[in-house]
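Per-chain residue numbering starts at 1, and chain names A, B, C, D, E, F and G are given in the order in which the chains are listed.
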Amino acid sequence: MDFMPGMGYDSAITIFSPEGRLFQVEYAIEAIRRGTTAIGLKVGGVGAVLTIEKRILSKLVAADSIEKIFKIDEHIGAAIAGLTADARVLINRARITAQIHRLTYDERISVEVLTREIGDLMQLYTQYAGVRPFGVKLLIAGVDDTGSHLFMTDPSGTHIGYRAAVIGAGEQKATEVLEQGYKPDLDLDGMILLSLSALKQAIESELDASKVEIAVIAEEERKFKKLSVEEIANYVERET
Amino acid sequence: MDFMPGMGYDSAITIFSPEGRLFQVEYAIEAIRRGTTAIGLKVGGVGAVLTIEKRILSKLVAADSIEKIFKIDEHIGAAIAGLTADARVLINRARITAQIHRLTYDERISVEVLTREIGDLMQLYTQYAGVRPFGVKLLIAGVDDTGSHLFMTDPSGTHIGYRAAVIGAGEQKATEVLEQGYKPDLDLDGMILLSLSALKQAIESELDASKVEIAVIAEEERKFKKLSVEEIANYVERET
Amino acid sequence: MDFMPGMGYDSAITIFSPEGRLFQVEYAIEAIRRGTTAIGLKVGGVGAVLTIEKRILSKLVAADSIEKIFKIDEHIGAAIAGLTADARVLINRARITAQIHRLTYDERISVEVLTREIGDLMQLYTQYAGVRPFGVKLLIAGVDDTGSHLFMTDPSGTHIGYRAAVIGAGEQKATEVLEQGYKPDLDLDGMILLSLSALKQAIESELDASKVEIAVIAEEERKFKKLSVEEIANYVERET
Amino acid sequence: MDFMPGMGYDSAITIFSPEGRLFQVEYAIEAIRRGTTAIGLKVGGVGAVLTIEKRILSKLVAADSIEKIFKIDEHIGAAIAGLTADARVLINRARITAQIHRLTYDERISVEVLTREIGDLMQLYTQYAGVRPFGVKLLIAGVDDTGSHLFMTDPSGTHIGYRAAVIGAGEQKATEVLEQGYKPDLDLDGMILLSLSALKQAIESELDASKVEIAVIAEEERKFKKLSVEEIANYVERET
Amino acid sequence: MDFMPGMGYDSAITIFSPEGRLFQVEYAIEAIRRGTTAIGLKVGGVGAVLTIEKRILSKLVAADSIEKIFKIDEHIGAAIAGLTADARVLINRARITAQIHRLTYDERISVEVLTREIGDLMQLYTQYAGVRPFGVKLLIAGVDDTGSHLFMTDPSGTHIGYRAAVIGAGEQKATEVLEQGYKPDLDLDGMILLSLSALKQAIESELDASKVEIAVIAEEERKFKKLSVEEIANYVERET
Amino acid sequence: MDFMPGMGYDSAITIFSPEGRLFQVEYAIEAIRRGTTAIGLKVGGVGAVLTIEKRILSKLVAADSIEKIFKIDEHIGAAIAGLTADARVLINRARITAQIHRLTYDERISVEVLTREIGDLMQLYTQYAGVRPFGVKLLIAGVDDTGSHLFMTDPSGTHIGYRAAVIGAGEQKATEVLEQGYKPDLDLDGMILLSLSALKQAIESELDASKVEIAVIAEEERKFKKLSVEEIANYVERET
Amino acid sequence: MDFMPGMGYDSAITIFSPEGRLFQVEYAIEAIRRGTTAIGLKVGGVGAVLTIEKRILSKLVAADSIEKIFKIDEHIGAAIAGLTADARVLINRARITAQIHRLTYDERISVEVLTREIGDLMQLYTQYAGVRPFGVKLLIAGVDDTGSHLFMTDPSGTHIGYRAAVIGAGEQKATEVLEQGYKPDLDLDGMILLSLSALKQAIESELDASKVEIAVIAEEERKFKKLSVEEIANYVERET
């Protein structure tokens, strides 16, 4: 850390620095850089996959209580990196948004519309005083009438679509693996194996099936499904 | 940047410096200077054109998810430079304003009235405590009963009409091209080619059709229309 | 600018300095000193004239989109200097105030009553926390049952009546011309020519009819009327 | 001005300094010391007189638009010194208070009750955060069932009754004249001449009838009446 | 005054210093120490007396307009020291409280209950942000079903009963006189003479009947009564 | 006091210092350490006793007006140390809480439930901005269906049950006496004598019956009862 | 403590430091590190146990009034470490949440749903201005339809499931004992003995049954039950 990193422009909430930067948003992103790694992939015509690392700090922790991939609706899920409690606020909101859409229009919400609503909420926390930005990034993956989608939102409220994306501590290393390994003709198995390969690189150690969480939304079924520990173990073994 | 650029007048929201400047507004404009370039042109009797550069930072990004030109209503569109999430707030508001106008008066909103409403909203964020200005400039283009129009709004809430205008990182370089090339007898093709030429100058590299977005509102049709990648590729080729 | 111009009394909104000054109001006036020049004249029995300089920074600007003289009601107009977006808030309010008066009393609002309402609004922004003063001066001109009137409001909310007044960057130079040339027996033509003469002095260059805006409210007609470019060109020629 | 006049106790709104002083109130009084001079007199059985200096900074100002003596109700008037726009807020309130009293009790409000209401309002602005004190002193004069009255209110909200009082820049000099010349057997003419004599001393120059405003409330008529320029000129001549 | 008297604990409203002191309350008491002197006495079976010094700064002041002893209800009065405008807020509240009590219970409010309500109000202004404490002490005297009472409230909201008490600039000197002269068998005359004797000591000069205000509430009558100037003059003469 | 005791963590309301301390709460406790001493005792099967020192600063004070032990309900009383005006707010609330309980459930409130409600209120003032903690500790004593109880609440809102407790300036010295003298087989007389003995030690001087206040709630009667001066004098004599 | 531990990022409520840390949350955790130790265990098919140390600072304290384990509902309990008054707010909320669930769905709330609601409440206090985080950690234990559960919430609002967990001053030492002694085949007796063994290590002294509190929720009964002092004494003896 430099001597006076923000020269005072970083202490007040939501104001611009002379260079036009919003420091609180940048610092919130730092909180995410220290979080666990989450990886998302989507392949048109096939589906989307979310994979995360469970960082279990003590053997006394009940590993199954640590959840970083959440079902939002039948056809959409989200993986998080950053402050877990902040993320829960957004996940709750996403679930309610999806339910309201179903009730209002009698149809599934599109992945982008849902993502935009969450991004709009996050933006509010960067423009008004009396709040701080959310210290979390989301990977929102799903299958809707326009196919498979993967979006990333960040604390500024921006959302961008990806074919493959990483958030959290392993962002840089895992992204390199994805850039080399991603191909538009991957099938679900290939996507899962690639994400595990990227995760292994990110955490710099052998994979332990009990410390990995994987969710899949296949275009055929349009259903969010978490893999069992056995299924994950199977993929971990194949990945090696 | 000087040592103490604002001597404290820039830290509090919305107050004047001794020279009568509003630093938060000026810093917001800095945020826009670091944004992607957007170009607008209009020719009386012909129509208006919006062209933007898609800055795609990773090959894993889904290029089609990056949208910086938005349809506001049948006859109006807007291109943005600056903080994307901030811009979305204004785009949402513009769309609602246009719809309310249709419902209330059973007619299309004029381009200037719409622009003024957005400018008035932006002004509010420069005079009241507890908020920061919007970190975004908009180019609002459209065709209404009084012909073709192109307006630019900035974070102070000011709006000015232009025949051709540039916002974002490439402002200076692209403006030079427009000043030399703009003629009041350009047809749509000429307008598109001129905007591509200006964009090329702004980004200082060859154009890649997949990283350009173009929208057209012709006076004949009065319909906002985005060009397909093929159409853009065709123009890119001709421009060279 | 001195080293510590306000010794801290200028950073907090709306508080007095030990000398009883309101710095935020004084700094707002600085913003106006950097604005374009506007000139107003009134002659009893004849009418009132508003003249402004259009400062057009680029040849790509649509000159007709730059508006600094506004019709408030049939019989009243206003010219502005300072922050355009701030001014629009006041112009909107003035128009609504005039309409409400018409609807409530079935008569035209008097120029002074309208001016006082706008001044009262501006005063509020100097006494309450959470807002900044308006960075704008207005010249409000009109003809009502008591004759022709010209008022100036400043950011403190004070309003004063004038026979001839200048706001904006050219205040000092143009005022000298008016002080020498103003006579109570000027006719409308004489008023317009005098205002152009003052404007020329203010901007220190030859006048360009396309960069001047003139509005007239004659006592005979009691109607706010903007001159056409041709009419202005004609006066510019005669002025020289 | 000393180096650090208030050691920080003067920057925050409405708090006490260690000596039990309210600096914002004292600084507001400084604003009044720089204002134009206003003089009030009352003589039991005769009536009350208000006299002010019109400080006209330019010959282009419409002298009749400068008003510093206001009719509050049939039988009460007020002269002001300090920030004109602040004063207008209090004058408006005083007028409404008097009207409400008439409507509620079907009688004229007493001068002291009216003064107390205005003082109570001014006090509020010294005890609550988010506002600054009013930068104005009022001389409230009138005739009610208990005779002639003259009150002065200051920014702390205090009101004191006077037989003769001065506010504004000429306070000290004019007070000396009044102390020497005031007699309880003055008639209206004598009161007016004494106030002009005091005003002359205050402004340190010959009096100009067009730059003086005088209002009279005689006990016989109980009606607030402003003198015409001719009447004033007549008194000015006699005073010399 | 020491160099940094409160080390910052005195600038923020209503917070504790490390020694558990509330500086704003202590500074408010300083404001009272600079106020005019007020003296109260009560003798069981006889009644209560309030005496104050009128500090008249100019011979132009209408002495009868200066009021520092107020009737609260038929049987209760109050004398004040400190900021007059602050005191008026409390006096208004006390009068309303007494009236509400009469209307609700059809009986006179007891002196202590009234005092407690005023103290509770004053306490609020020491615990909440956005306000400052009241800069005033009250001596509340009256006769109710439990006899004669005299209470003092201070800016912290504390109230204490006294047989004789002094507030304001002369507190120390006048208290000494009261401590020596107070006897539980004083009659009303004796109480008035003792209070005048204490007042003389406090103001360190001969007494002037026109600059003294005295109010009496005798147990026999249970009626608040102000003495006339003649009655006061008579006592002043006897006191000497 | 150290040089910079809280390094800034003590100036803002209700925030944690790096050591996890709430300075405002600790400073409030300092205010109590400077208050008068209050002592409470309870013995199962016998009852509870509250004893306080009346610190009378002047012989002119009406000693009977100083009240530091308050009846809350028939069966509960409270003694206070710290800011008297703050305490009154809590006592008022406690009385209302007890009455509401009676009206709602037609039974006497339990001592612990009442104490918890008061503690919950005090906690609020340590977690929200815009207020300061209460500068007071309470000893709440009473007899309910579960026997005799004595609770102490402090500014953090914590409440703890005691067999014997001291608050205020004499806390340390009186506590030593209680620790040595408290026995579970004390009768009411013994409890009163022990509390007087502790009080004597706390104030370091002979006891004066007129400067002591004692309240008793015996289990037999379940009635809060204050002792008369004669009864206290009797105990004081026996204590010696 | 370092010289400037947070360089200013720790004084404002709820904002990020440049490293993405929320200092107020971290400081709140310090408050907990100074609190008493609480231990929780759960074994699938058997139940859950909560054990705490009662830190009794004086022999005059009524030990039974110190409660750090609370029944939330029939089947759920919670142990606390940190600020007791803060904890009470959360315990009250938890009880109400459980009751509302019963009334709304006519079923027992699941342990995780309850925990999540409390965590969501705690998160709010880390993102909004005007409040401070809760200075408390909770161990929430219970048995529901999915078996035995033990959750820990911290001031950030995060909740994690554990098989065994420690909060408070003895966290580190007691955790070591649990890590070594926890086995998935412990019965209730074994769980209690292990928790006592851990507690002994944490407080570094022999256990005193009167200073320990134990609560058990067995899967068979699904009922929260506190052990009597006798039962605890029995376990303490066995543990040794």
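As a convention for this text, a contact is a pair of C-beta atoms (placed from the backbone, for glycine too) under 8 Å apart; a residue touches a chain by one contact, two chains touch by 3 or more.
These numbers were taken from a predicted model, which means no experiment stands behind them.
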Min route length, chain touch network, chain C to chain G, equals 3
Taking shared numbers over all numbers used, above half giving same and below half different, the chain D and chain E interface sides are different
Whole-angstrom distance, CA centroid of chain C to CA centroid of chain E, is 55
Per the C-alpha means, the centres of chain A and chain G lie apart by a whole-Å value of 31
Taking each chain's centre as the mean of its CA atoms, chain B sits from chain F at a distance in Å of 69
Check: chain E positions touching at least 2 other chains come out as 129-130
Note: in the complex, chain G contacts chain A through residues 8-9, 12, 14-22, 112, 116, 119-120, 122-123, 126-130, 149-151, 156-165, 175, 178-179, 182
Touching chain C in the complex, chain D uses residues 1, 5-6, 10-11, 13, 23-24, 27-34, 58-62, 64-66, 83-86, 88-89, 92, 125, 129-135
